[in-house]
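All remarks here apply to the structure that follows.
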Amino acid sequence: MLMQQLLNGVVVGSVYGLFALGFTLIFGVNHIMNMAHGTVFMWGAFAGLYAVMLFDVPFPVAVLIGALGGGTVSVVLDWVAFRPLRKRGAPEFSSIVSSIGASLILLSLAQQLTATRVMRFPFDIFPIVVFSFFGLRIQLLQLVIIGIVVLMVIGLLYYLYRTSFGRQIRSVAFSESTSKLLGINPFAINFQVFFISGALAGIAGVLIGIVFNSVHFMMGEPLLLRAFVVIILGGLGSIPGALIAGLLIGIIQTLTVAYLSAGLADAIVFSALFLVLLVRPTGLFGGTAAVARVTRR
Amino acid sequence: MKALTLDNIARSFGGLPAVDGVSLQAPPGRITGLIGPNGAGKTTVVNLITGLLKVGGGRILVGDDDMTEADAPTLARAGVARTFQNIRLIGDATVLDNVVAGFHRHEKAGTLANMLGLPSAHHERREFERKAHALLDRFGMTALARHPAGSLSYGHQRRIEMMRALAMEPSVLLLDEPVAGMNDAEAYSLADIFRDVARQGVAILLIEHNMRFVMSLCEHIYVLAFGRLIAEGTPDEVAGNPRVIEAYLGS
Amino acid sequence: MLTIQNASVSYNGIRALRGVTLSVAQGEIFALIGPNGAGKSTLLHAASGIVPLAEGEIRLEGETISGRPAHKVARAGLIQVPEGRRVIAPLTVAENLELGRQAAGIRGTSSADLDQVHALFPILAERRDQPAGLLSGGQQQMLAIGRALMGRPRVLLLDEPSLGLAPVIIREVFDALVRLNRDGLTILLVEQNAKLALETAHNAAILEQGRIVHKGAAAALAGDPVVADHYFGRAKADA
Amino acid sequence: APSLAETARIGVMNALTGPYAFGGVPIQNGMKLALEQANSSGALGDLKLEVIEADSAGDKAQTITLVSKFAQSDNVLMILGPTTSLEATGGAPVANDQKVPLFAIGSSTAILDAGPYSYKVQQVGMDIMGHLSKYAAGKLGVKKVSLVFDRANDGFVGQKDAFKKLLIEQGVEIVSEEGILSSDTDFLALATKLASQDINAFFVAAPAEVGSNVLLQARQGGVPPEVLFLGPSTFGSESFITTAGTASEGAYVVADYFVGDPTPINQDFVKAYTEAYGASPDNWAAMGYALASLAVQAIKDAGPSPDRDKVKDALGKLRDQPTVLGTHVWTMDDKRNPNYGAAVITVKDGKFELAP
Amino acid sequence: MIGFLNSYAPLLELALFNALLAFSQYVVLRAGVFSLGTAAFAALGAYAAAILATKLAMPTWLGLVAAFGIGTLAGALVAIPLARLRGVFQALATLALVQIVLSITLNWVDLTEGALGINSIPKTVGLVGMLVAVVVVGYFLAVIGSSSIGRAFDIIREDETVAVSLGISVPKHHMIAFILSGAIAGLAGGLHAYNSYSITPNEYGFNMLVIVLAMVVLGGRVSIWGPLVGAVILTVLPELLRGFQEYRMVVQGALLMVSIVFLPRGVADTALAALRRRRIATAKAKTGTVTA
């Protein structure tokens, strides 16, 4: 059972990682704790779901539409909730309230749309193929999910570190006005950041929606809570860190369910977080950049 | 009145020895200059003295007290005040509040008196504001008292830095490029203030690249390059020193 | 090259610039001096599009740039070295310089610009991989200047470039500016070291309380006793 | 024109938004249906009921405010709702303070403890679970069971506790208890754990949507069909079958309401509800309908020009009333604990039928 | 009027409870501590009071003292390790604390009755009691805020390096902030327990944390009026929006966004700043323009 549970943990954890990547990206760039990220995830799942329900699109297209949907919602979110605040040089705090407001709206609209029903992808969106080896059961879907997550992370890393994009992002994050003086267009940078972040969440939404057979308006909330833990454990703004921490939490959680009790999963995850912070105030993988950020303004 | 004494202090970052065995004296009542090329380690010396950085070796004395291991608040309470080379003000707070902040170390009303709002705490605040206004007056900034500090021009922000440091009524005053961004006329009006302060027995250590200003103000100058002292003496001695000319002044 | 016409700027209703008109000709160094709070930085910010004009117009080679977003102004070749060394602290020295290249929209890996900057400020080559925030004050100022040069400016706006620089470096920087100017770079220079500024510039203006109060050939202004009295201080009288 | 005495205001509140809206909306519908029927059938003679609706949002604080508002400014005769025990335990003490009858859905006895003005329609978990435990241990021969429950909802916790106690009394071994949250969707780990256990059956007390997913993921995670699925009344709705798909086949559910029930009282209700709302009722709708019907009866029993105290007393005397719930007789003991029986149903070929 | 007051008494009581929570949140934010622990401290206070009241039949005043005490103690205890952390790390550590307390209240069924919560707590604190608490706490915070402690809080919040250079001890002030926050929230929890007949674990979870944070940021986090204004707005808003039925949350969300976008420093602080600007403008008109 241990191996099987580890496998379960990896699958869930990699999706947590995907979700948290977008969250940590926005956090790293804009210092925004985007409380609406969970609803972006949910709307990504909805976009994929409605595409399937209305146009009967196949799995890969559904994932793509989920990415588009999440990305679009996220960009709009930036325009209406965050950009006006940035323009006014508002303190970072106010973006929290703004994103809470946005998430109320997005949540409520989803609720209206679905009449609070729990919905699901059709059972045949992805064929149920189960491989068994050494007593381990793994579904094809689970393999595909791990594959997609790996691909997304590699792509993101490339984009961030092999193009000038990452440099520009960090510059805009540090000072928008100085960046402008250097010819960087903060608008374009933020557009990309929010789109990527939302697209990752949207993909996660579709995948989670399919693998757990449920799409509903509250589906983002537990993930948001996990994402907080992921970004801390993984180090602020660290891409590999988010992925590793996501996996770690997925595994801790499944092992808790397996050997202790499902009810304790949160208690254990958060106690672990608390302890880690006491021992290593900058998280498990927090590097020097993170140190600079927490100790100085 | 206390003198500041550095005895062979050192500090390195990674492999780089930013301050490498520096000894100097800033006696009370004197304006002591500290100059040197960019990256020589001057600001690092200030950070070491004020306890913002941990010393790698040597001793720091304020008066007769060994302050080598003391943390920043302790040093501030012992009367060591500074200005920041890269201006650090509370941008949203008014100029007056920024200056009043400097009086923190003189607060006598205890935590409890403050929490309970006893009259003693109240009077104290009044007193600080009165003194802060006197400082503003001296720096010609009375009219700006209620402006947010962040909205002022660079030169005015520098002045707030100085007023805040003076509000601490220090025995040792460390000025890190106080007149950067000011023209000579403006700088000289500040020079008068510094002389006044020194005359009251404060030990001033002045870091500045404006050589005419340094030469006219300092009685004694130390020259730092690559973390080491390369020369010291009266302004004229230093200005004539060939090593100083080569490393710092240029021909 | 750069003309500023009747430019006014206000912050929260308080005027910082009142109808300033000046023009910087192609290939000249124009110095702007004035006391603290006169509005010098505000003028540069207005030219760069960081603060909006309440009135007036700014043109670069005849084309109106006021109203354009700041990054477009930079890409049009009007590049500013902001006051108080605004380096991107978390990025390394090399990355800061790379960012400077951005404004010119240059791709590829031509190293001529970088070599030029490194030649001017060798320390920047030495500290290539150090986060810019950990440089000394003067080193940051060098980086800020170097970064602007990386963008191959056509007009360079300098806000107190000598700030925090050692005398020997100031001399080198100003020598370099003169060299670049000879090669065709137009420069608008805000400088508190009025003597140095007026020695370097062709033309100059004095700004006080948001207005231009004197304008003319730099040498003429330098010789004006009123200007000397206000901006050179007693040092000159002493000397 | 009808005089004032001929109109009585009824405050109707349920969790129309928020996490419990899945129950609150159909309950509200059921309640309104019963009240409208009372008006149109003339069952109350000259008296007309005026419905004042509100949304308690699944939130205790809002419930408290609403109860007070209903009692004070709307001057209602009685209050129907709220949806959950959580809300009701907040609202009931206020209702008792203000001396206005409150007839809530929730199953927690704490609602009754608040005072004589608070009533509830649902029987406690113990009663309903008795049927299922007997069926499981007796008919199905279950020996070892794992229990899964929504740990943040006292109703489900109560059902689980009751079921556990009853099973133990019958000599069944409880292998594990797993608390989940209604906001969870990931039950893979739980599924693997269930698959690795040596059990005959597993029981899930959770909202139907969530519980269906537990079942579905359990089957996908390797829990064989021989391990039976047992569920409380929440699973007695069509949405269970559509959500769980083929995994629902062979599930045993104890129903306090069964939409396929052929008795006339139910058939009439199903027809009226479907006409009014375009969907067939689920057990929540039935619960709301039953509650409001009982309330109408109490108002009638209170005699002409009823007031709050009369209604309260009339409510207290309700016994052996016909209802769409359970075995069609709703009654109370002297501590105001309701009881109405239940039936065990099972899914066969994608349809509910009464279990053999 | 009396009828109106009566029917809205629970709403007012809730607003006052929220104001206390907002005070607790405010005091840490003011000191630059990004603590989200208010919900946890409030839960401890509420449970202490409720358990004493229902299991041991203790008098109300004792329960309130216990609630206050346990909040203070918890604040002091977490202050020690958490003073090492900064910014988001502090926020997340305290979020973890909230989740841990939530897990305890949910799972320690013998003591807390689990998800059922503790019911039938005698209602011994009414509108007046809550009002007195808010006034006392508010007054106390206003005094602290304008004292040297408040000024030290402000400097620490803006720039710790400057703070230590002025002789301000950061750990000491963070400790004070945590203790005040814990004490106020503990008291608030205790009052709420005696005011609302019943308490349940989920009331003190993520939602409370979010809403309390929103109150302070919306109201303003510098002046003492900020949390009060924020608490009143966010308590009353849902009631005012009842008319919008299903679009209530949409409207509420939109209002939240619009107000923070146009008043990013919070309603109260922006209003106060506007007043101050007016005073400067008139003063400036008198003294003429400024020269260096």
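First chain written, first letter: the chains are A, B, C, D and E, and each begins at residue 1.
Here is the rule we use: a contact is a pair of C-beta atoms (placed from the backbone, for glycine too) under 8 Å apart; a residue touches a chain by one contact, two chains touch by 3 or more.
Just so we're on the same page, UniProt names per chain: A, E = Branched-chain amino acid ABC transporter permease; B, C = ABC transporter ATP-binding protein.
Note that the structure is predicted; figures quoted are calculated from it, not measured.
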Distance in touch steps, counted as few as possible, from chain C out to chain D: 2
Between A-C and A-E, the pair with more C-beta contacts: A-E
Chain of greatest Cα-centre distance to chain B: D
Relative to chain C, chain with the most remote C-alpha centre: D
Inter-centroid spacing, chain C versus chain B (mean Cα positions, whole Å): 28
Centroid spacing, where centroids are CA-atom means, of chain A and chain D in whole angstrom: 36
Computed distance of Cα centres, chain E from chain C, in Å: 48
Residues of chain A touching at least two other chains: 108, 111, 221, 263
Residue numbers of chain E (touch at least two other chains): 106-107, 158-159, 161, 246, 248-249, 290-292
Multi-chain contact residues (two or more partners), chain B: 155-156, 186
Parts of chain A lying in touch with chain C, wherever the complex brings them together: 164, 167-168, 170-171, 174-175, 177-187, 289, 292
Footprint of chain D on chain A - complex, ascending: 1, 4-5, 8-9, 11-12, 108, 111, 115-118, 120, 123, 128, 130, 137, 139, 208, 212-214, 216, 218-219, 221-222, 253-255, 257-258, 261-263
Of chain E, residues touching chain A in the complex: 29, 81, 84-89, 91-93, 95-97, 99-100, 102-104, 106-107, 158-161, 206, 210, 213-214, 217-218, 221, 246-250, 252-257, 260-261, 264-266
Sites on chain C touched by chain B in the complex: 11-12, 33, 35-38, 41, 83-85, 123, 134-139, 141-142, 160, 163-172, 192-195, 229-236, 238
Parts of chain D lying in touch with chain A, wherever the complex brings them together: 17, 19, 21-22, 25, 148, 151, 176-181, 183-190, 192-193, 196, 209-210, 213, 216-217, 220-222, 239, 243, 245
